[in-house]
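You will see two complexes here that share chain A, one where it goes with chain B and one where it goes with chain C.
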Partner chain A sequence: MDDSRRKPDSDGPVGSTEGTPAAVDIPDSRFAEIPPDAEKVLPPADSVAGKASRAFLRRVPIWPVIEFLSHKKVPRHKHSFWYTLGSMGLFFLIVQIVTGVLLMIYYSPSQPWSSVQRIVMEIPFGGLIRSIHHWSANLMLLALFVHLFSTFFMKAYRPPRELTWLTGLALLGTTMFLGFSGYLLPWDDLSFFATRVGISEIEKTPLLGTWVAGLVRGGPDVTVDTIGRFYPLHVVVLPLLLLGILGIHLFFVQVQGVSEPDSFRALTPEKKRYHRFFSEYLVNEIPIWMALTALLVALSALFPRVLAPEADPGAAAPEGIKPEWYFMVPFQMLKLFPGSLEFLGMALTGLIPLLFLVVPFVDRTVPADRRGRVVARLGVGFLAFLAGMTAWGILS
Partner chain B sequence: MGDMVKRDAPAGPEPNRVDKGRRRFLWVTGGLGLAWLGLSAYPVYRYIAPRPVPDPFGKEGRAAVKKVSPADVAARGAGANGSYGQRGCIVFRTPQGELKAFDSKCTHAGCNVNFAGDSISCHCHGGIYDFDGKNVSGPPPRPLTPLKVFEENGVLYVAPSDQGKEV
Partner chain C sequence: MNYPVWDIPFLGAGLVVAIIAIIHVLISHFAIGGGAFLFVAELWSNRQPDGERIRAWLHKYATFFLVYTTVFGAMTGVGIWFSIQLASPEGTSLLIHQYVFAWAIEWVMFLGELTVLYLYYYGWKTNSRRLQVWLAGLYFVIAWGSLFVINGILTFMLTPGGWTLENTDIVAGFFNPGYWPSLAIRTLVMFLVAGLGGLLIASRMEEEDALKERIVLFSSRWVLPAALLLPGLFYWYWTTLPVNTARLMAAGATGLGGGRLEVMTLFAVVTGVAGMLIVLGSLLFQARPKALTFSAALALFVVAQIGFLGGEFSREMARKPYVIYDTLYSNSVWKHKAAEPGYRDRSFLSLTRWDPDVVPLTPAHGEWAFRLQCASCHTRDGYRGIVPRTASWTALSGFKWLLTMDQQGVMPPFVGTAEDRAAISAYIQSLHGRTVSAAEILSQARAEEVSRSKSASAPTREVEP
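Now for the complex of A and B:
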């Protein structure tokens, strides 16, 4: 410690007289002390790592943060598996960022279809990287939906975790918008009509619908100008938004700790078993992430993403056209509510996110009371409704 | 400077005057801030606002049909999907021998309908129209937009149906 106090002095330029004598006393207050707890775990002070870590902690005194994180623990019980869904979503997000940046190297928004065709046909591993981007997007949404419903059924949304739940919903919504905006970019006939339908539904929203739809499309119809809007949305605006909200979401999770289900909470302290997050729990995630990598490569090799014929704004919509599975519920609702009833169908679809938003404000009691059990049962019915509509849409 | 005023006027009527001055200052600053944001946002909004699209029928009030030739619609019941300007259309001859054309944009969710010989249908959500463009089945809420169609020098042209007298 004394060593460090003298350091600025000894490091100072040799023979520089102005300023140095006065500066000798100041360094003490400029640098933070190393807490005794930290001294116990840091590498030896004479090693390079020890010197570097101490120099860092003196300048950026974040030891309390490190200590807080080192105490983070994850409950161990028979439902523990579901805790990994969030980390799966994070894994797929990282894959999306890496493959997305790689696709940007050859993708050109002014020649959307032919540049994607070049990626698939000419660039080594281009088809694989595009397919992984497609499959990872789908699995990311699947992981997020399962994460949503597992936190729902474990009732992790109850106070004090309402904001964590709401930021999670915002993350799911942003990810769906990322899926929608990325879908247009290859400019094949599937993506063209999917975007036309999607924006025409926005257009029918009362009050601001027409204005928003025109702004999103860049005109009264979907054209290459629409790609000019979707491309920066997909690669800059929405990813930044997603990372920002994700930062808040994870920060809340760190501060609040992992939610314990009622069955675990009821145990006596001796019976409660935990994993330490660093590194016990984290290390156990690595084989899962490796398995997911293998899954992505296998899916991409066996079912590569097709590039349909280039969009022709004049041609008829291709036969059997359907959206991705995560937009199947509104798709079915569009078919089920004809003519003037369409507005009713879209209003009902619009209620779905609202139902999720109000859950933590309706069901608040720990352990679950009668109302909590009713909410859980409604959740089962609602999940069955969503799954049924999706399956119906896929099979029809 | 502001700090000094605060500290030098601890009691009496002085704080009131200071408060008023501070309030006015905040209003002016807030107003200027809003004006600054508004002035910055206006060009950005104009930049991203939708661009006007050229009239598909142009000055002549008509547009050539691409991908469908008069020979394609010579026989009764024959027809095809084509396009005019940036838009899609269907052109066909009814079993009664009348030449008809409709804008192909489905009135439901905006896909392009398909002329399949015996029917006009939309692959997206299963809408069906008859040869008058009337929505007869599925979710479409309105009939298709009719177009006037005619042949000139071996090329098919479409024009807005309500204008269409003589070209």
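Now for the complex of A and C:
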């Protein structure tokens, strides 16, 4: 490839210009040197791209960063597919940011319902953008849940990657709160009552419950003041938090390398095969992102997000108010323990994130020992429990 | 209103047909384009020094091709027949009776297609090279012939051209205005799908293999004709659409619909997005042929499937409110009958061939009237659900609205008495969890009429058809 780009008829002795671009004849302390490693991969020095990239690297010497990034490699084995779930989550996040910014152009927190109605009814492609935002939010959470469990079953949480696991959990939690805070913003019947029920559950938590509920609601009940709180949370605070933690999460993956399952680790070095992340692996992520783009548009055309009638805080809650599917487990838990047992239901619900948090400190051995296998089996049971509760909640 | 209705909760009968059909349509295009792919690849392999290796790869392609198109193609093809006759017996019957010979030719084509494909595939080792090339070519010709036939019937439903119920000019109906652009579009699209199939099989090859690069380049070129010519062909197709369809499709994009996009337009957007993504994806692998993995190739195939979803959905919706354009409405009411004086005031249940036998104005009456008049397009709370669409209805406003529902041009006219309308309106209220009796709606409506006639002292216009 490189040879073909070089001008065959360039005069001057061959090789004399190799590695010594004409522009640095007189060393200038203001400019950085091009590292020899970089010279090997940059485009030829006499091409436009070669000149531009060298000029840039002399001014902004980020070659170490590029080299640091280029070390990332992805193991190739029969479970490799699951590595893509994280990048799917990232893709949906990008969609959320783009569509979210577009929605912000016309959304007005002081007239929540009528501004959303205007987006759906009047703004060109407004309904489509809103539906994509809705579907992308749901699929982002789905991708993150699958990412969580595929990481769990590939045992990628074991030392030294405990912190990657914990930041991942923080990302999932933040995304769930993004879902919760965004759900209220249209201020329709469904979102209003689901939020009211959701916050009243928080209120029942002992000690801090009342205080926290009052804080997020901005008063004793869900009002337009609650939107005043949820809106900045949804569009500024939580996204910034998410991006910050995501940066740390990805940085850890970059430093520690992608985790290898035990079966891959056991292979001899010559049998281990990898894709370089840039760009072999990335090239193949792009079609998957394309398929997700097409899927989002198709889902939004097939099942557009409906705007229910404007919330009427005085009215009785319509029947069958349910939270979104990703909050179904705590919702069902509270149903399982009615009345005075409610306390127990809340305690058990509170245990769920705790279980996830302690996993990397319980199962630590590589390759998996007896305890590791028990944890994996418990994980299957736990996944079945969560899926079952969610399905039950959706169907009931 | 031919036979008992097919009531599919959440999805609705139409969506069941659509799900089966869009899977089938991707397969059927692949089944034709793949034939051309086999033929060209056979010729190509004959000219290459490593032709044996190319043919070894081609055998994998042919295996996938055979299983995917014959097994799943046949299953979904028969599935379409099963589902459309339940979803619209009246429309299915019309298509069968008008195009008896077309269907007969079509089935002969299918038989020929299968026979030649089996001769080609199972004679892989024994047939001469010449014969294999010849069989692949013959397969493509027969398969394309089946498109030539079915395309006439498909496009007839949207643009019947010079055909009418009276003249039954089936040649004019077959070679209707939409026929040629549709044939050209489908022919190019099937080459595209054949290329994506090639990428899918090539992705399983070892990355280090130099042949992989050549086959990926060979396969991705099949996308080019569609990429270059489809925009123009779609414009040609657009010019053949009925005026009402074109107006609806443009609504929103031009502000006609107050900015709200017609769902048909949304599906056209889906197709456009998918088409662009496929072109970008194949360009990506033109640039990096060795890097192609199975999941990436499969992802492009999924994009193609979604593109078909968009295209076929918008084509189906373009017929609104008809099943056979300008002839038979989606709720199985004939246009010429609905235009007869007095027809629309007749009790709808009495017009059905199968009498559900319900007591008038009971909830069962409302449910049956809903099933017969609404359920061909609307589910209760699923796909195109009636509940979100009637959120602002009162029992009385719904009762009145039903009479004028055909005026926007997207829904058929309502056929039935005031009692039928009251029963449906009460039923829809019950879906919202509100109990209203149909008899009450009727008496309210009458009271309103009386008071209006008193104040205006003019003759009343009760339930004007």
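We adopt the following convention: the second predicted complex is superposed on the first by the 363 of 396 C-alpha atoms of A that agree within 3 Å, B and C clash if a C-alpha of one lies under 4 Å from a C-alpha of the other, contacts with A are read in each partner's own complex, and residues count from 1 in each chain.
Note that in this section contacts are C-beta pairs under 8 Å (C-beta built on N, C-alpha and C of every residue); 3 or more make two chains touch, one makes a residue touch a chain.
What you are looking at is a predicted structure, and each value in this text was computed from that prediction instead of being measured.
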item: Clash or fit, chain B versus chain C on superposed chain A; value: fit
item: Which superposed partner A:318 touches (first chain B, second chain C, both, neither); value: both
item: A:243 touches, of chain B and chain C: first, second, both or neither?; value: neither
item: Partner chain in contact with A:298 - chain B first, chain C second, else both or neither; value: second
item: Partner chain in contact with A:215 - chain B first, chain C second, else both or neither; value: first
item: Touching partner for A:32 - first (chain B), second (chain C), both, neither; value: neither
item: Touching partner for A:279 - first (chain B), second (chain C), both, neither; value: second
item: Per-pair minimum CA distance [chain C against chain B, superposed on A] in Å; value: 10
item: Set intersection of chain A contacts, chain C complex versus chain B complex; value: 318-319
item: Residue numbers on chain A that touch chain C, as the complex places them; value: 81, 84, 120-128, 279-280, 283-288, 290-291, 293-295, 297-298, 300-304, 306, 308-309, 318-319
item: Residues of chain A defined as touching chain B within the complex; value: 193, 196-197, 199-201, 214-215, 217-221, 223, 225, 229, 312-321, 331, 334-335, 337-340, 342
item: Touching residues on chain C, where the partner in the complex is chain A; value: 252-253, 255, 258-261, 263, 266-267, 269-270, 273-274, 277, 280-281, 284-285, 288, 291-293, 295-297, 299-300, 302-303, 306-307, 309-310, 313, 383, 388, 391-392, 433
item: Sites on chain B touched by chain A in the complex; value: 48-53, 66-67, 81-84, 86-89, 104, 106, 108-115, 122-126, 135, 138-141
